[in-house]
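Each chain carries a letter (A, B, C and D) given by its place in the written order, and its residues are counted from 1.
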Amino acid sequence: MAGNSFGEIFRITTFGESHGEGVGVVIDGCPPRINLSTEDFVPDMTRRRPGTNPFGTPRREEDKVEILSGLFEGLTTGAPITLFTRNQDVDSRPYEVLREVFRPGHGDYTYFRKYGHFDFRGGGRYSSRETTARVAAGVVAGKILEPLGVKIVAYTIELGGIRAGSINLDLVDKSPLYCPDPVATKRMEEAMSRARKKGDSLGGVAEIRVTGCPAGLGEPVFDKLDADLSKAVMSIGTVKGVEIGAGFEAARLKGSENNDLITMNGFQTNRSGGILGGISNGDEIILRAAMKPIPSISMEQDTVNRKGCSAKLKLSGRFDVAALPRVIPVLEAMVKIVLADHYLRSRAYKLLKKEETKC
Amino acid sequence: MAGNSFGEIFRITTFGESHGEGVGVVIDGCPPRINLSTEDFVPDMTRRRPGTNPFGTPRREEDKVEILSGLFEGLTTGAPITLFTRNQDVDSRPYEVLREVFRPGHGDYTYFRKYGHFDFRGGGRYSSRETTARVAAGVVAGKILEPLGVKIVAYTIELGGIRAGSINLDLVDKSPLYCPDPVATKRMEEAMSRARKKGDSLGGVAEIRVTGCPAGLGEPVFDKLDADLSKAVMSIGTVKGVEIGAGFEAARLKGSENNDLITMNGFQTNRSGGILGGISNGDEIILRAAMKPIPSISMEQDTVNRKGCSAKLKLSGRFDVAALPRVIPVLEAMVKIVLADHYLRSRAYKLLKKEETKC
Amino acid sequence: MAGNSFGEIFRITTFGESHGEGVGVVIDGCPPRINLSTEDFVPDMTRRRPGTNPFGTPRREEDKVEILSGLFEGLTTGAPITLFTRNQDVDSRPYEVLREVFRPGHGDYTYFRKYGHFDFRGGGRYSSRETTARVAAGVVAGKILEPLGVKIVAYTIELGGIRAGSINLDLVDKSPLYCPDPVATKRMEEAMSRARKKGDSLGGVAEIRVTGCPAGLGEPVFDKLDADLSKAVMSIGTVKGVEIGAGFEAARLKGSENNDLITMNGFQTNRSGGILGGISNGDEIILRAAMKPIPSISMEQDTVNRKGCSAKLKLSGRFDVAALPRVIPVLEAMVKIVLADHYLRSRAYKLLKKEETKC
Amino acid sequence: MAGNSFGEIFRITTFGESHGEGVGVVIDGCPPRINLSTEDFVPDMTRRRPGTNPFGTPRREEDKVEILSGLFEGLTTGAPITLFTRNQDVDSRPYEVLREVFRPGHGDYTYFRKYGHFDFRGGGRYSSRETTARVAAGVVAGKILEPLGVKIVAYTIELGGIRAGSINLDLVDKSPLYCPDPVATKRMEEAMSRARKKGDSLGGVAEIRVTGCPAGLGEPVFDKLDADLSKAVMSIGTVKGVEIGAGFEAARLKGSENNDLITMNGFQTNRSGGILGGISNGDEIILRAAMKPIPSISMEQDTVNRKGCSAKLKLSGRFDVAALPRVIPVLEAMVKIVLADHYLRSRAYKLLKKEETKC
């Protein structure tokens, strides 16, 4: 209700602040007897971690996930799973200026208006550090999807106005920017270097593809699969736009062009992005998210202080040049969480059959 | 949980099918002592109604809203408000073909896969007729927002690839397509005539603006105002993309271009679309929705039947050429519902003050 | 959130007032392909109906359930099921006095304090007429439990201080008071006659037994099966106490007396009432509910008016002497709703198995 | 949904196991700017702690509450508050027998049936240790109620069949059993000594009184204040019965005896327990809970093992003789949580007034 939970059956509640004790998540509703260990979190947490690429913030953190509850002898028990990542390497002094002055483009102003006081250190609750909890929860969601054969991959298709010309998913992991086009990767890196030198930042677009998703996930009429995916993706701080399948391009097509005709071997095309009537159709699910440039820049900016008087703000320190590539595992995590939740929901509502009478 | 409810405090649950008894909504959580009468629903229901413009379906319905509960002597009581619109002029015979064959682009295929059987008459539960319930609920939501001075307007900015060149909100209501540019309106109408002749359909883009919204609405971190608006808008059948503020364009801007600088008189620009950190900043809220072309077209299409064998389908009857303009009041209604809900939520969570100790 | 919904997956939302258009319920989350017809509601609605026994109110209503949505060709579709019972034979004039004066023991005073105005005609929203919606929803819940072999029976074990001496469940339906002891039935009827003559009312205790409930229903730690059953039963207007198994008597037993020892053939005793750790153990579920005497009595009573000044109130008309026996089908309905909901919940959370990978 | 959360606006989610890392709670929906420190938890955590009275378990734990999130400079921020108590002094070896054999009266059997495997060490998730999280959350709930003047006190009115003869609330804190009658306290202590010697356990009854609760809390028709209180109390492991006001005694009264007449100075009597129509009436709220004897006893008991074969079980170690008095702060905490939640809910739904237009 206060907005820190997501999902209906596979339900996550994140907590924690950038410069507090740490950031964590409670997962309620994970089925029992799933293998889980702290090792499982390492790959995705590493991808999200700052300092793993030359354009990221220099803050170095291990981002080790502790499992505080819900596990017994290596298996989930059905009880709430609590995952916690302690904050380290935290220097809050650079943020003291935010005690008085609002950063343009950040939540400083709105948190002050809403709550009257807020933890401004590193963005506090609205820091991107909160996404560590989402990534951790996504690992558990992935464990539910894995036996179904569901595979999720996100990648950069545009950064700083440079668009990937080709999409070869095999090359995604070879690019430090998770961009499937090596030529575009190179140009994106150059654009990032230029922006970094100027103390500026860049936006971008990521695409997410889901293969192996069974038909039938999604609930009419509000909890449509595309509606829930949109919310999940839009709830990530820097995202300002979401598209499913043909997306905004579909607005320019005619019905005869946009309809995916059906054959005995499946859909001829996939402009729907794998979702019809809000329910997965078994085809590949495709969505895109537009990320604004990160609002933290080193250039001097006009703003106001808490009293409403004009002020100048020049942030020091090094910041990420773009939400990409670090947001990639966060996007994947949110999609996993939505799919795992809808998969479990579909089990509750399906046909009552004789063989299911035993609990 | 089964997806037919939306909102946390101002919570709506829609029910009903296109060719059943009717379509309705239960609103739970509306504050007491709000004036309400059946007259209040007429304007928006009329705008949504088929047959009110030359490009709509010929089905003529009064779409009269009955108030089945929650009202006493003209005032809401705090009890659930049930609004019901009976179906009339219902001829289900043309839909008999759907007993066997799936329409491309519709939910027929996925509903069959999910439920094993479904009411295919006129789209049944996934018919756009369900949106009458949303429009009715939006009227009640509007009554909560009205005393706050909140105003919501949606309009067509693109249809069939034709873009409005100018945006004069005073002209919106003068255009049968709710397009703020009279020249573009004309061209859009021509495009619709051409498409109708061919039995084809068109997509479009609508923009929604909210003025007078107080700062502080929206809950971190999942129920961000932009996340909930995205879900609300994406839950409308034909919507395939959503943008807030600069949206996808923000992905091409630099931080120094995209940040809205703050002055003593407010924000210098509004690329954020009135939302920072997921919370309204008091500025105008701006979002856009991309609508795919309506999948019902008269041209023959390839598809399969329930057994999975190839089939040809040629739909007869007259259909809407585009979701626009009839989707305009639906978009407005969904935005109203989100804002009313978040406004009531904000009242629960705000500071505990001495003067609030009385219930 | 405003309290008119109950259940998580099998979720009911009731609406309507005693003297408004009617009373109804929307059920969201009912699985598809369950047979349902208006005939199914007749038996339970008849049992709940006033005027079917000599001690009830004389208001004669057909209480016919209309199915407004969610059914197609005799089967549920997975869409919301709306059940509506129109009010008939409604004379609101006797209630005009309540425009000023509060009835002791009723919700008049608290509704006025909470809402500032309320529909006082026949109790409006807090009339026992709201329970028709619960009974109707219980019929649908029963359809989910039936294939599992679950059977629910409620009966009167005490009325007006007279206790059933023997419990023969075969005799329950033969007693107009649903009391399993014919001798006690007789004495209870006499007590009711005496109370009626004096214009007074009586309380009582009902017992509910559930056989055939599978082990494993109930969720730790707050949604324990006994906790949800208690809430369900306590949410019925006249209920003031709830017990599970040995209940208050368990407080006087020693652990060595109260523990149900386990044998190869099951539990030796059933003081737990079929629930351990909040989860059904496969044994019979037993609970009891205490009903206060109905507050509507014909004797003159001291009260105050809306201005807070002293007033005398003498209600005219004929009222039920006791909530029993009419509350019996309501108790059964609420228990069915809880069990159906927990059964569907258990399906979502159970082990992930290979054969469940298809939706 | 999986049952580990409680409350709608002030929403708690508990996590953790008896012999895992620790036990904690995330509170979402606490208003901002409330003073909070780790010291605040000491009194109630001490009262709940084992080893503080001669009849408790000898396990000695500091039960120190860490605040992992949601606090900034001593004030709540509106972000989720996470409270965590690490487990100490944990010896799991005595529980190894439970790998095979079910303890009568405990959740062992049902957890095994539901989940297929479970953390049996010290009861794992269904250990009474989970209630430390409830007590901690209750302290925060108390901070919301305090400015309203609400006071909650729970006390022992019966233990081992011995009933308190007099109720002097000033004496409650002077009794190690929180019993308001010193003579009864003495006799209860003797009964506990006798039971301890035999390796047996005792049940009891607690009463809870709330003064200063404003009128108007509680939501019709399912989330009645008494219904939510019943669920809250029944969700505590050992509770088997709940009464509001006159409770089961009301079933034996006539309407003319049970109705609380209303005067200019308030209610003449309080048989309703301060709740009418499910909504607080401003009078004292009174409820009672019956606790079964703790199922852990040292006497040999018949049971079965996981294969269903007969087994004998003789538990070693020292156990609490009764849930009382340690359950007293848990009862208080649950009542505080319900009231804080309903108070915040009432703020969302109350009248829309002009002066509330600012967020």
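Here, a contact is a pair of C-beta atoms (placed from the backbone, for glycine too) under 8 Å apart; a residue touches a chain by one contact, two chains touch by 3 or more.
Remember, predicted model here, so these are calculated numbers, not experimental data.
Contact with both subunit B and subunit C is made by A, D. Relative to subunit D, the chain whose mean Cα position lies farthest away is B.
Distance between chain centres (mean CA atoms), subunit C to subunit D: 26 Å. Look at where the CA atoms of subunit A average out and do the same for subunit D: the two points lie 38 Å apart.
Remark: subunit A and subunit C have CA centroids separated by 45 Å (rounded to whole angstrom). Within subunit D, contacts with two or more other chains are made by residues 1-5, 8-9, 14, 29, 32-33, 78-79, 113-114, 116, 125, 215-216, 220, 345-346, 348-349, 351, 359. By the touch criterion given at the top, residues 1-6, 8-9, 14, 102, 104-111, 113-114, 116, 125-126, 130, 158, 160-161, 195, 198, 200-205, 215-216, 218-224, 226-228, 230-232, 234-235, 237, 240-248, 250-264, 268, 271-273, 275-282, 290-297, 299, 301-304, 308-310, 345-346, 348-349, 351 of subunit D touch subunit C in their complex.
By the touch criterion given at the top, residues 1-5, 8-9, 11, 13-17, 20-24, 26, 28-30, 32-33, 66-73, 75, 77-82, 84, 113-119, 124-125, 359 of subunit B touch subunit C in their complex. Only residues 1, 9, 29, 31-34, 78-79, 144, 147-149, 214-217, 220, 343-352, 354, 356-359 of subunit C touch subunit A when the two sit together in their complex.
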